[in-house]
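This is the structure, below, for whatever I ask next.
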Amino acid sequence: MIESEIIKLIGAIMVLLGSIMAIISAYGLISLPDVYTRSHAGTKSSTLAVLLTLTGVFIYFLAAEHYLSIRLVLGIVFLYLTAPVAGHLICRAAYVSGIDIKKEITEDEIHENEYQTYRE
Amino acid sequence: MRENDVILQTVSKVAVFIILTFGMYLFLSGHHNPGGGFIGGLTLSSAVILLYIAFDVESVNKGIPVDFKLVAAAGVLISVLSGTGALLFGADFLSQSFAYFDLPLLGKTELTTVVLFEAGVALAVVGVVVTILINISEDV
Amino acid sequence: MTTIIFTTAIVLFCVAIGMALVRVIKGPSLPDRVVSFDVIGVNLISVVAVLGAILNTAAYLEVILIIAILAFISTIAFSKYIERGVIIDRKRNN
Amino acid sequence: METLITLLVGVLVSVATYLLLSKNLIRVVLGTAILSHAVHLLLLTMGGLKTGSVPILEDGVGTYTDALPQALILTAIVISFAVTAFFLVLVYRTYQTAGTDNLNEMRGSSDE
Amino acid sequence: MTLLHLLILFPIIAVVFIVTLGQLAPRLHLGWAALVVPVVLFAAFLTMVPTIAGNDTISGTIPWITELDLHFAVYLDGLSLIFALLITGVGSLVVLYSIFYLSKKRESLSHFYSFLLLFMGAMLGVVLSDNLMVLYLFWELTSISSFLLIGFWYRRKKSQYGAQKSFLITVGGGIAMLVGFIMLQVMSGTNSVQEIIAMRNSIQGHELFVPALILILLGAFTKSAQFPFHIWLPDAMEAPTPVSAYLHSATMVKAGLFLVARFTPVFGGEATWFWLVSGVGIFTMFWGALFAVKQKDLKALLAYSTISQLGLIMSLFGLGSAALHGGASTDSVVYTTAIFVALFHLVNHSTFKGALFMIVGIVDHGVGTRDIRKLGGLMTLMPVTFTLAVISSFSMAGLPPFNGFLSKEMFFTATLTAKEMNFFSMDTWGMMFPVIALAGSVFTFTYSMVLVFKTFAGRYKRDKLEKNPHEAPIGLLISPIILCSLVILLFIFPNQLSKYLLAPAMNGILPTFQGIEGLIPKIYAWHGFNTELLMTAIVVVLGFVLVRTFKYWKEIYDLFPQRISIDQGYQNLLAFSESTSNSITNFYMTGFLRHYLFYIYGFLLIVLSGTLFLTGSIVINTADDAQIGIYEVLLVLIMATAAVSILFTKSRMTATLLNGVLGYSIAIFFVLFRAPDLALTQLVVETVTTVLFLLCFYHLPEWSKEDRNLKVRIPKMVIAIGMGVLTVLISLSAQGNKLFDSISSFFEDSYELAGGRNIVNSILGDFRAFDTMLEVVVLFIAGVGVYTLIKLKSPQGGDTNERK
Amino acid sequence: MNNILVFPMVIPVITGVALLFFRSYPAVQRWSTIAAMLSVFAISLWILEDVRSNGIMRLDFGGWTPPFGITFVADSFAMLLVAAASFVSLICMLYAVFAGDKRREYYFQYTFMLLLIAGVNGAFLTGDLFNLFVCFEVMLLASYVLMTLGGEKKQLTEGIKYVLINILSSWLFLLGLAYVYGTLGTLNFAQLSLRIAEAGQPPILTAISILFLAVFSLKAGLVLYFWLPGSYSALPTAVSALFAALLTKVGVYALFRTFTLLFYHEPSITHTIIGWMAITTLAGGSLGAIAYVDIRKIAAYNVVIAIGFILVGLASNNAAGIQGSIYYLVHDIVIKGLLFLIIGTIIYLTSNARLDRTSGLITNYPILGWIFLITTLSLGGVPPFSGFAGKLMIGQGAISSGEYVMVGAAFLSSLFVLYSLIRIFLNMFWGEVLIPRKHQIPLPFPLLAPLVVLAIVTIGLGLGMDFMAPYVTDAATVLMNPEVYIEGALDNE
């Protein structure tokens, strides 16, 4: 019994970690200077946060109810699959719609190559 | 610009498959778990929406050559007629019945007429949602 | 013990959602908002998951998956809208 | 909890009402959407909140939350979706035909 | 079904034959066919005279709507019989006259005779009905047929005007009368006039008694063209002359008199009744006579004359009703004479006025104009017509040896008697009656003389006439000749009339007086030198003077400026009501949706909060609330923030996103409140809606700024906040007032009942599957609706009528 | 086990939906629509007769006994309205078929009309508050589509207003429903009535009833009729007739149900408010009816007047008044259908909706002219046409309950009705003949036939009112005695 309690606790702690991650990611979302960096914070770390949480809950259910949730696994897989695509699409959309990158952050590499034709 | 949606399209194909499976699951499990005709239908149609977003109307329609208006109509007819079917057995309109059968391999299985009704609902939902979306997109 | 942790986690998630909401409202650009919206969706997944754990029921697992699906769909819809103004093309020109 | 949600409903109703009184059609549509949110929440609240567990029968669970309002809300959600969809399309068709999305310019001829 | 029913229905059924005949035999003058009807009817009613004269009555009932106590009940007594004979008798003569008057070629005779017969049936219905509502039915039918007849030449503007006016006034009066009838019905519980008369004493004290009386009188006054409702009658003269002779002098306008007579046993003796009937009557008599003098059109003159004469008879009925004040006794009998005279004059008036109208018709026919200024000197050209004119107008003026003299004398007697009354404040006001009667009679004399002598005497002005005047064909002359002979005959044998018709009628009007001595006075042409004779002499002398000096005193009519005349008032009223209603309606029906919403919300706020506060229903009780978690507060805050910020966003996309946030957060609440199915549905629907928004945005412009104008924003804010507060208040009170437990525990057996563990889904799919089915239908309609909305575009883009 | 009850609703639904598969066969669409409506009418007559002789009929959907399942409850009141509505719809359909608007036919005009009727019939029959909401939605959505079908500018701009106001009222309805469920815990009319009676209608319920009053008033056009004139004047003839005959009546029906079956314990509050609303409606309608020269508007305001008139009966709150209202409702369904068909026909024939631009039509179209006159008189409540019985009884009801202001307003409004319509008659039908016979648009008999039928019905109903009386009495008895309804709707033997 103790064992399962410990596993539950592990799950809970993973959830907590996830939540802290979420806060950090949200902080990034607020404080970072331009779309691209913000989207970085938004998509990458948030995804990590939610994956942590889901895994935590998955473990928790496993321990508490001996319930192996396929759907939860499916959800995790789905998130893994789609989150990067979503992030990619938004950044591209932002770029295409002509939002400038804060100059001090980085150089616009794409501009010079791939999308040049479009811009003109 | 040559639009490059390869990433989106590739992922979408997988995602659509997952969503369709999930939608079917929701539809079928509705009797004992959250889900049912509506939700199943809505989820299925969200899969179709994803397809439309990732690809385009014409190519999707080539793949699924159905008039979704008629799908919707068929759905409504199925659900209404499933209610009317009860009349044939001298029951009240929309009476549903269920029974348990011991089927080989599957064991105790529940069969219920609600499934037919819900199937109609799901079909109608898919038909309507897709009709609306396609028509707005096709409008210039 | 776990309940306290879970509750704390939900509160933190909610705070995160609130912060993301601030970004949705402030903008300044549309992609900013969409990103934050996506973040809200993702955080909601977490909230639901943890709530499921607190309430000790598997009934919400479907909800988790559906949020994931839908957040994805709406995000790509938004990004296509930002990019082209049309989210469903009649016929792709390539 | 009920009181809190009711207050939230009040806020939503106020916002929706304000939007409904706008002259811009999109605002109006949004208003109807928010109004429907408010009403659904209220409907759920009126059935009593958190009075039992999820209304999916399980062994060993004594009380369930009132399921009837949930069924009603489900119906209402779908109906509101249907109405919103139609209204939205109506709005843009009107814009196309009348050339304006400003309600104040849609007086309709009083005496032609 | 009695004979009486048949008699009433006969003309109405005959309409069908007339129309068919018009199709079958186009060469026949339909008048001949139509003539059969009144002649047969007249004969039938004549056969009933002995029965009625023997103080018997005839009645019968055909059930119609039992539930509403509506029966086709007929009742023939002396009063009805007089009218029935007038209707059919004058009817026969008029139809006969019209055969020669209306050309077969030019006029749509089938319409004319249909309307006329319709009217005849309706009028018979009015005088014979015993059921209030059936009476009302026929009453309105007379108005309608009169409307159609006035508008017979429907292409003329003036016909339209006259028809509309008579319709509005008489039907309006009819509606008032109906309300009065309903009141009577409510008071007495019956629709039968005779039963109501029998119940007189028990309903007299009812609070509705006087209102009912006034309303019924309104009906009578409008129909009988009493002041100030007389204005329709002159315009009704647009109808063909036979119609004027029939409806607008001899019969329909007398329906009001009939009504007053019929209800005298119910209302008579009531001061209001006495004063209204006699006062309005006597004033109308004077007013009509006064204005008749100034008319230039012969028919208009006759119209005013009719108004005046109707007023005379009306006032007599009023004066006579005083008899009922003291109950049936020999003391009251002196007053009943007035009623007797009223009946007598009613008959007399029909004879001479009918004749006069026909004569005017002949003149009009012969010379092509009715304008007094163009007429003159026709005496030698139309000798027969002239003779007839003299007879009838002298009778109207009250000169011997014509029947008008008798009734005019008795009228004076009645007013003089009334003066002596010591109740109804008559001791102060009673003198008014003889004086006004005298004045009115002077003018009556005047216009009668104008009528005859301006037309037939004086200088012949050929150049002003359209046609070459000549004596009328014999066909046209028959009817007026018959009437004029009656004028003389009635002077010679008045007491025969009295015995067979007037006496039974008196019994009908004053059933309680039946058999009391002196009820039926003897009529004498000569009753010595008395005040009445003196009055007649004054009338003749003064009238003569007035005729001669007309051009000197006609300026007094300028004292009644055209602008403020009643007729002008009517027109102004119509114009005013049209323009006012237009401006009022346009004032609030602005076409702005926002205004309509303002009204709706305003109504809700006022009425709802009014009820809420006045009934004291605000009871807030939060004891049963579930506990609140901190994250729930956070979620509520997030939602409230998202909602409120929608108001301030500058871009529609942000608003849509925020709406999405709202939708998703609500889904979380659904999770919190144990509703996974809802959460699922809400999420998907929200997403699909968002996608829809995005799709539609392609076709829509970015939203514009709302009005910054405080005049718009403040009411919006007030209403918005008011609605919010109101919703919260009612919701909280409702939650604090949980009266009953929900029925939903039943559904918790869903596994046994419906074989499903998911209760919500069992409800949707089984317990309340019908809702679900319809919901799918709703969705279906929306889907196909969107399709049609998008695909079916108006070809021109603008307004089009169908099938164009 | 009275499955026949569902047919007035299900036949139109099935037919309407199935028509989607016959898009390219207009003949199939037309005649199956007519056949469906004919059978609905026949069935509703059959039920009506059965209900009168055997008492209230009930259908429990899915066999779930009330209050748990949804029920259809047919009392005479509901059935009278179903029968009248089905009949007038049948006639309107016939008109639509003969008018043959190809464009709209191709875009499923008949489907939407049928679904509209399904919603209307469902609303009349249902015995469940939430189901009433759903039926309303079926009806409303169909009406939204019909309102905008054709895509003309005026249709769309007026459609927006119509749709929005109705959406608002729908949500208010749901709000009220939430309150009712929260306080009373049930949705079945009969059980609601029982529970309200048991609780003695405390103040909060009265307040909630006012919310319902507002909602149904919006649908009925009582005081809150702002949406009505504009939207009714933007429609093709048959549809406008259908709208005028049915839409507001459903709201009126709901008002009657709610305030006779449920919230009848505080008449001094609720019925007084209804009374004043009726008076306001009468005044507003009367003013509107004479304010315009656009005949469609005149007709639309006449709809408003009738609503006020009918509600006077409810406000009187006695047997006579209620009975009168029922008579008048049935009459009004018929006559408003007729009025709008005529108005539409006139506009079609003259391409003109102003009464001062055309005249002498009676020479061109004599039958139309006479039908119009009959309609005018019938609308004015002149006997022996169908409006009289209702007018009489409403008058009696209002007088015996001492509501003299209402009596005055109601009967004065009749004068306005007559004036507004006789003005049309005088101006358009009488006067100089402007259209030479050679150039007049022919009015084929099939197009005229529906009008003739309705005109005959209005005369026949007036003369043969005795035939209808037992049904009306029965209906009024049920309305005045909630326990009768409750017994019929809740009794599980």
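A, B, C, D, E and F are the chain letters, set down in written order, and residue numbers restart from 1 in every chain.
Definition applied: contacts are C-beta pairs under 8 Å (C-beta built on N, C-alpha and C of every residue); 3 or more make two chains touch, one makes a residue touch a chain.
This one's a predicted model, so the numbers in the text were calculated from it and none came from an experiment.
Peer 1: What are the chains that chain E and chain F both touch?
Peer 2: B, D
Peer 1: Quick check: more C-beta contact pairs in B-D or A-C?
Peer 2: Of B-D and A-C, more C-beta pairs in contact link A-C.
Peer 1: From the Cα centroids, identify the chain that ends up most central relative to all protein Cα atoms.
Peer 2: The most central chain, going by mean C-alpha position, is F.
Peer 1: Going by the average position of its CA atoms, which chain sits the greatest distance from chain F?
Peer 2: A
Peer 1: Select the chain at the greatest separation from chain C, using centres from the mean of Cα atoms.
Peer 2: E
Peer 1: Distance-wise, how many Å sit between the C-alpha centres of chain D and chain F, to the nearest whole number?
Peer 2: Centre-to-centre distance between chain D and chain F: 28 Å.
Peer 1: List the centre-to-centre spacing of chain C and chain D in whole Å, with centres computed as mean CA coordinates.
Peer 2: 21
Peer 1: Which integer distance in Å separates the CA centroid of chain D from that of chain E?
Peer 2: Chain centroid spacing, chain D to chain E, equals 49 Å.
Peer 1: Quick one: report the Å distance separating chain A from chain D, using the average Cα coordinate of each chain.
Peer 2: 31
Peer 1: List, in ascending order, every residue of chain F touching at least 2 other chains.
Peer 2: Residues 13, 17, 20, 61-62, 130, 134, 137, 141, 144-145, 148, 151-154, 160-161, 164, 168, 175, 178-179, 181-182, 230, 292 of chain F each touch two or more of the other chains.
Peer 1: Which residues of chain B are in contact with two or more other chains?
Peer 2: Residues 8, 15, 18, 22, 26, 32-35, 38, 43, 46, 49, 53, 69, 73, 76, 80, 83, 93-94, 96, 125, 128, 132-133, 136-138.
Peer 1: Residues of chain D that contact two or more other chains, please.
Peer 2: Each of 20, 25, 42, 45-47, 53-54, 56, 68, 72, 74-75, 78-79, 82-83, 85-86, 89-91, 93, 97, 103, 106, 108 in chain D touches at least two other chains.
Peer 1: If you go through all the chains, which pairs of them touch?
Peer 2: A-B, A-C, B-C, B-D, B-E, B-F, C-D, C-E, D-E, D-F, E-F
Peer 1: Give the list of chain C residues in touch with chain D in this complex.
Peer 2: Counting only chain C, the residues touching chain D are 55, 57, 59.
Peer 1: So in the complex, the part of chain B that touches chain A is made up of which residues?
Peer 2: 1, 7-8, 11, 14-15, 18, 22
Peer 1: Over in the complex, which chain B residues touch chain E? Could you list them?
Peer 2: It is residues 26, 30-39, 42-43, 45-46, 49, 53, 69, 72-73, 75-76, 79-80, 83, 93-94, 96, 98, 110, 112, 114, 117-118, 120-121, 124-125, 127-129, 131-133, 135-139 of chain B that touch chain E.
Peer 1: Would you mind writing out the residues of chain E in touch with chain C in their complex?
Peer 2: My answer: residues 629-631, 634-635, 637-638, 641-642, 645, 649, 651, 653-654, 657-658, 660-661, 664-665, 667-668, 671-672, 674, 676, 679-680, 683-684, 686-687, 690-691, 694-695, 697-698.
Peer 1: Name, in rising order, each residue of chain B that touches chain F in their complex.
Peer 2: 69-70, 73, 76-77, 80-81, 83-84, 86-87, 90-96
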